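Heads up, the thing below is written out as structure tokens.
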Amino acid sequence: MRRIIATLSDFGLDDNYVGIMKGVMLKIDPDIEIVDLTHSVEPQNLIQAALVLHSAYKYFPLNTIFLCVVDPGVGSNREPIIVKTSQHIFVGPDNGVFSQVLRETGYEAIHRVTNENYFLNPISNTFHGRDIFAPVAAHIAKGVPLQEFGAQKDGYIVLTIPEAVLKDEEKKLYGEIIAIDRFGNLITNIEQEFVVDQSDHIRIHIKEHTIQGLADSYAQRSEGDLLAIIGSKGYLEISVNHGSAKKDLEVAIGEAVIVEYIIQKESHG
Amino acid sequence: MRRIIATLSDFGLDDNYVGIMKGVMLKIDPDIEIVDLTHSVEPQNLIQAALVLHSAYKYFPLNTIFLCVVDPGVGSNREPIIVKTSQHIFVGPDNGVFSQVLRETGYEAIHRVTNENYFLNPISNTFHGRDIFAPVAAHIAKGVPLQEFGAQKDGYIVLTIPEAVLKDEEKKLYGEIIAIDRFGNLITNIEQEFVVDQSDHIRIHIKEHTIQGLADSYAQRSEGDLLAIIGSKGYLEISVNHGSAKKDLEVAIGEAVIVEYIIQKESHG
Amino acid sequence: MRRIIATLSDFGLDDNYVGIMKGVMLKIDPDIEIVDLTHSVEPQNLIQAALVLHSAYKYFPLNTIFLCVVDPGVGSNREPIIVKTSQHIFVGPDNGVFSQVLRETGYEAIHRVTNENYFLNPISNTFHGRDIFAPVAAHIAKGVPLQEFGAQKDGYIVLTIPEAVLKDEEKKLYGEIIAIDRFGNLITNIEQEFVVDQSDHIRIHIKEHTIQGLADSYAQRSEGDLLAIIGSKGYLEISVNHGSAKKDLEVAIGEAVIVEYIIQKESHG
């Protein structure tokens, strides 16, 4: 069966970096199937890369190899690693890019990548995606056992990604925008568990705007209306039906989003 | 034989939405071959999507499955459908995205997509590309008969796409720009049949410019010259040799283009 | 074994031109594997296309077919050709796009492409990528012998790409920026041979800035520092660690870069 390699990077598609990595892999194992996750991660933005990987990995087949090259430390002493989880394999620099996934899945083994027999020769100082990570991913696809690449190690670099904070005394949840998509949808770091069953009892505040409760679909609101909805990533999102919340609200990543839990008055009767 | 799934959406490539749909499909049927038609349709622009699909579908192999996710009504009561024509299969929302193709090909059967056994579970309210359309396309590729997905229905939503209007009494054809490509070529809605054999007897008007007759190739005109030519989609296009008509003329989609048929004087002698 | 077709063009991914070429190829040979090198070459920029191809081709498997459609002369009398080198096959217009590669590899045979049996029918005047080059590439993948497409010819169009000039009397090497990547790295036309062993004895000048010697990695310099490094293409590059040299220096392609060889004083003692 064809082995799938899913690729993620900040290389963009305007240069030939991604195409070259694919050539390198196909030269080692012509039977792989390569899928692009995205190559438009903002240059060197590890948090974005970690979130992109986290919201995607579970939709891929068992044994997919994820090649993740967002690598601001290329050429330094940051370690190339292979991470094996119960379902997938991840190849890339140990710089936190895997930490959102591993927080969720744990891992079975992490190998340092040190065996130069599986690298291109010579190795450049600036493009380990081509010279180390892509060839290692292709050799894994071809069946090389993980211990061949290097010894196991414990632990991995963890990124600090802003988490929503619940303040019980205030009956408020303080979150923020952590991503914005092409449609101008604002993805927050507020997990659906905090809002999903309380739709009638919450108000959501962003800048000077207040949104009452959640919509079940974009179409449930009028065109142009601001709404809050559980997005496809499982987080609270702020959107505009047939429009762009990003444009209408003029917000950027980092903007505060506050969920206010409404204290219900007892009914007298 | 590998089944081909051609994908079209307005998701862009900056997010991981397209990559996720590919993961979902490969998880269901690892033997498919996925081809991107384009994912840069303007957000929620159904007319653009319908034109992009129409100018491309006939170049694909027999039995290609077209997965088309431009879906402004996601989560509303618009119907997910599968359309079988004599040559291909189309999967997407019934919102007009297929209507330019079906006007040309007709259809053999249209199925509502209602059988949740072929969907992901749970289904989000905002990303049916991932939860409904991609899994259905992959199950079709895998060989599930179309009637398994839902009952047949008659008819489909038709988009109103501006058509060129011939006014015989004026000897003029009134068209407009319906697309602009990366090179700044202006694609009109004037079909080649209206101009191709009359090259010496037409003048083409756009804004304050007049173009005499058609060019056989860009190179037939001097660099920087405005020209009219039968484009690769079979429609009249306005171009600048080695330049951009869009920039030179400062036009946008919707701009009027008029073909004037020249009344020929009889020759005396 | 699956035959690989690597594609390069200036079509961009916003239109369906690239998707259509893939459909055409899969219709002829459904077993090929198509890889995108890049489709973001600046419209009609042959020098950029030649450099992109040159820095990538050697990483691809033996017998890869490179389909290269940057074709400002489409519809004119420029010749479609197939070039066979000892390792690969190249298909495209004879306009110089292959000349950087062929300067390095030489060629075994060049065939004119004249046999219309292997073209689409009809042939448009504006999209030979779809009508000639893609079908020819797919037929080659399918096993059609090269002489079937047309007679051999000698020689090919050579592009003039600016070369760095060494002025011995001045102890200076005059180069320039020939490409800029997504990270803002400035790629020069100064080959590594001219600088690699002389790191301690060179100064690099660009605009009003002077850089002492070469860095071994980005991380060897402080964040925000301007540095010179041997890039992954084998040329001298100017970069900013964790930043963009393009932004910081406000430079464009064509900007002068001068390497000054420092005359070493003899040691006395």
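Per-chain residue numbering starts at 1, and chain names A, B and C are given in the order in which the chains are listed.
Note that in this section a contact is a pair of C-beta atoms (placed from the backbone, for glycine too) under 8 Å apart; a residue touches a chain by one contact, two chains touch by 3 or more.
Just so you know, these numbers come straight off a predicted model, no measurement behind them.
Here the C-alpha atoms of chain B line up with those of chain C after a rotation of 120°, rounded in steps of 5.
Under half of the residue numbers found at the chain A and chain C interface occur in both copies, marking it as a different-residue contact.
Chain centres here are Cα means. That of chain A falls 32 Å from that of chain C. The multi-chain contact residues of chain C, meaning those touching 2 or more other chains, are 13. Residues of chain B that touch chain C in their complex: 1-2, 4, 6, 13, 33, 35-40, 52, 55-56, 59-61, 64, 181-183, 185, 216-220, 229-232, 237, 239, 242, 244.
Only residues 10-20, 22-24, 26-27, 30-31, 34, 43-44, 72-76, 124-127, 130-131 of chain C touch chain B when the two sit together in their complex.
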